[in-house]
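Take a look at the structures below.
Note that subunit A is present in both complexes that follow, paired respectively with subunit B and with subunit C.
Let's turn to the complex of A and B:
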């Protein structure tokens, strides 16, 4: 089994437990195990776009340095890669990694700060999102062969959000025409419903003090998927998931609108299809309960799974 | 048709220089094609569109730039930055305007005024990024 050094990020321990637990479960089934870095810290969630503020770049570099140390304790065929699940961590870590690789001066200054803790980063790491591992290392063929519980009846609209594709340094796929989630959904036996708003920003951190902005975005994103026949959305970002999931519920209460669509993490769909016990999904954390839909389609895992 | 006389002196030039320094971008690269505003997911909520704000920066109109809500509505999704035909990191310009504003007024949101229930409900990823973007 290949092992990967895995950086969870803050949200996978609180709101998105189902994302992490299903990812670890399917990674073991697919023989590409995610092993958590023991002493990780927050990456800072958003990347600073100022040219001169090095302080905000220390946390991501520290993550890279700790991951490097962690890799020494893993199996021999582990590459110098740190794997993330959260789209925001993906973007932040990749941008900073790219910046310090380009600019030795910046790295030296940051390393000077890390020295106090006997840490050093030597620009020798690559940051990968788990979707890249699925596409490039595991392969969709292996996934479709491992499916025990095909997701027939699910019509899923992939929603990438911004941080999987922006900026160019962090893109896991083509910026304007990504396909990795589509291939994944198809290999699990579900139907793909393409939506033009696949990377239309959900409003991100405005949820804290400008809820109205998020409501507008979410209403558009969900309507675009629904009007094309989708009965669920798949995402890779815990913040997109919360915004779309939670605000749909609020919108329903406010406007007496249509029934909300459940939101899945891509690893939850994989877990359902690969026969991982359903409790790993932590569906109780979702605001729009996906269980009625799964029950209706006979995908609750009770009768078919081995 | 009415005309407006714009002052363009030291203060205006200093403002442009500072924005360019913080963002690391050349604001005069922009030729006002409007692609950033066309693709922006939030144009509808902004009082000035993104290219209008950049035009005001080019003219050094500090007060008008800082009084608009464009930079605060921007959620740094970077769609404009990846699409700009002049390869300007447009979102970095928005960030630079925010950073500039923090020197005059370091808190766009007052953290102590956020209701306690919000902390239980919201994901930490939302809180951390909000505080990072909206406090100096």
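Let's turn to the complex of A and C:
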């Protein structure tokens, strides 16, 4: 089994436990195990746009350096890669990694702070999102061969959000025509429903002080998917997940509107299809409960396990 | 701290060093700790001294060494003086302290952020860990607390003596040692597995299992009690063991 040095990020331990636990479970099933860095720190989000604010870049560089040390304890096949699940962490780490690789002066200044901790970074790491590992290392063929419960009846609209595709340094796929989530959903036996709003802003941090902005965005995103026949959405970002999941519930109460669509992390869909026990999904943390839909489609029990 | 007297100079065979206490030069025996050296120099320490054994954390000290740009920190009762040392003591560290009822909060990251929102400002610069006289990975436990990994944070911060040096050094102005107290309380109250044997014993006590024996002891005369204590008690004789 290939092992990967895995960086969780704070959300995976708090609001998105189901994302992390399903990811680890499926990674083992697919023989590409995610092993958590024992002493990881904040990824440094939100990435500062002030190019000379190096203080705010110490955290991501320290992550890269600690991951490198972690890799030394893993299997021989482990490459110099740190794998993320959260789209936000992925973006921050990728951008900073790119910046310090381009600008040795910046890295030297940051390393001066890391020197005493014996955590100097040698610009020898790559940041990968788990979706990239799925596409480039594991392959969709292997995934479809591992499916024990095909997700028949699920009509899923992939929602990428901004962080997986922007900016260029952080993009994991084509900016205008991404396909990784589509291929993944298909290989799990579910139907893909394309939506033009696949990266329409979810409202992001406005959830903290301007909820109405998020309401408007979420209503449009969900309606675009629903009107094209989707019965669920799939995401890779805990903030998108929270906004779309939580605000649909609020919108429903406010407008007595249509039934909300459940929001899945891509790893939850994989876990369902690969026969991972359903409790791993932590559906109790979801605001729109996906269980009724799964029950209706006969997908809620792990019938067979491999 | 007040200066009460200066020791008269006399012939002294012990090796001496020159140190600068709050800028003023003093000659003190090289074998002393910072705390003892200050007292030798005539300072009466009324605040910032406690157990004098490295356990209580009352005597946080900052100093510089001759020809070294770094600022060092330590416990005054645990650190030997060096020639050319420039030092002072920190009798108190002002730090905001959250007020909470431990039974009304939950062991989550949101609880930490409610009482110590500064935790989210952590830059991962590790200045706190570098300064810690207990060599605790302070930044790591602050991060675990932020991540909601309460048990991990409690374990990592276990040796904290609350000297407050981390708090003085933090560019994000986090009161780390109060965060540490909160995570350990949460861990003790919610996430730690309570030992079965202890619970069984508490049940025994509450059911009155020991009442009779205690009553019997209470009614004994002093002589009989003495006899029981020194001759009948079941204990290991250290000399024979």
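Side notes on the structure shown:
Note that in this section the second predicted complex is superposed on the first by the 301 of 306 C-alpha atoms of A that agree within 3 Å, B and C clash if a C-alpha of one lies under 4 Å from a C-alpha of the other, contacts with A are read in each partner's own complex, and residues count from 1 in each chain.
Throughout what follows, a contact is a pair of C-beta atoms (placed from the backbone, for glycine too) under 8 Å apart; a residue touches a chain by one contact, two chains touch by 3 or more.
Fair warning: this is a prediction, and the values are worked out from it, not measured in the lab.
Contacts of A:59 after superposition: subunit C is touched, whereas subunit B is not reached. In the superposition on chain A, contact of A:42 is made with both subunit B and subunit C. In the superposition on chain A, A:16 makes contact with subunit B only, not with subunit C. Look at A:117: by the touch rule set out above, it reaches subunit C but stays clear of subunit B.
In the superposed pair of complexes, A:238 makes contact with subunit B only, with no contact to subunit C. Of the two partner chains, subunit B is the only one touched by A:205; subunit C is not. Of the two partners subunit B and subunit C, more residues of subunit A are touched by B. When the two structures are aligned on the shared chain, A:213 is found in touch with subunit B, with no touch to subunit C.
Contacts of A:178 after superposition: neither subunit B nor subunit C is touched.
The contact surfaces that subunit B and subunit C form on subunit A in the two complexes overlap at residues 10, 14, 42, 44, 56. Taken together, the subunit C residues at the contact with subunit A in this complex read 108-110, 122-126, 129-130, 137, 139-140, 143, 146-149, 171. Across the complex, subunit A meets subunit C through its residues 8, 10, 13-14, 39-42, 44, 55-56, 58-59, 62, 113-114, 116-117. Residues of subunit A that touch subunit B in their complex: 9-11, 14-16, 42, 44-46, 48-52, 56, 86, 88, 162, 165-168, 175, 199-201, 203-210, 212-213, 216-217, 238-239, 242, 246.
Those residues of subunit B lying in contact with subunit A across their complex are 21-24, 41-42, 44-45, 73, 75-79, 81-82, 89, 91-92, 95-96, 99, 109, 114, 118, 121-130, 132-134.
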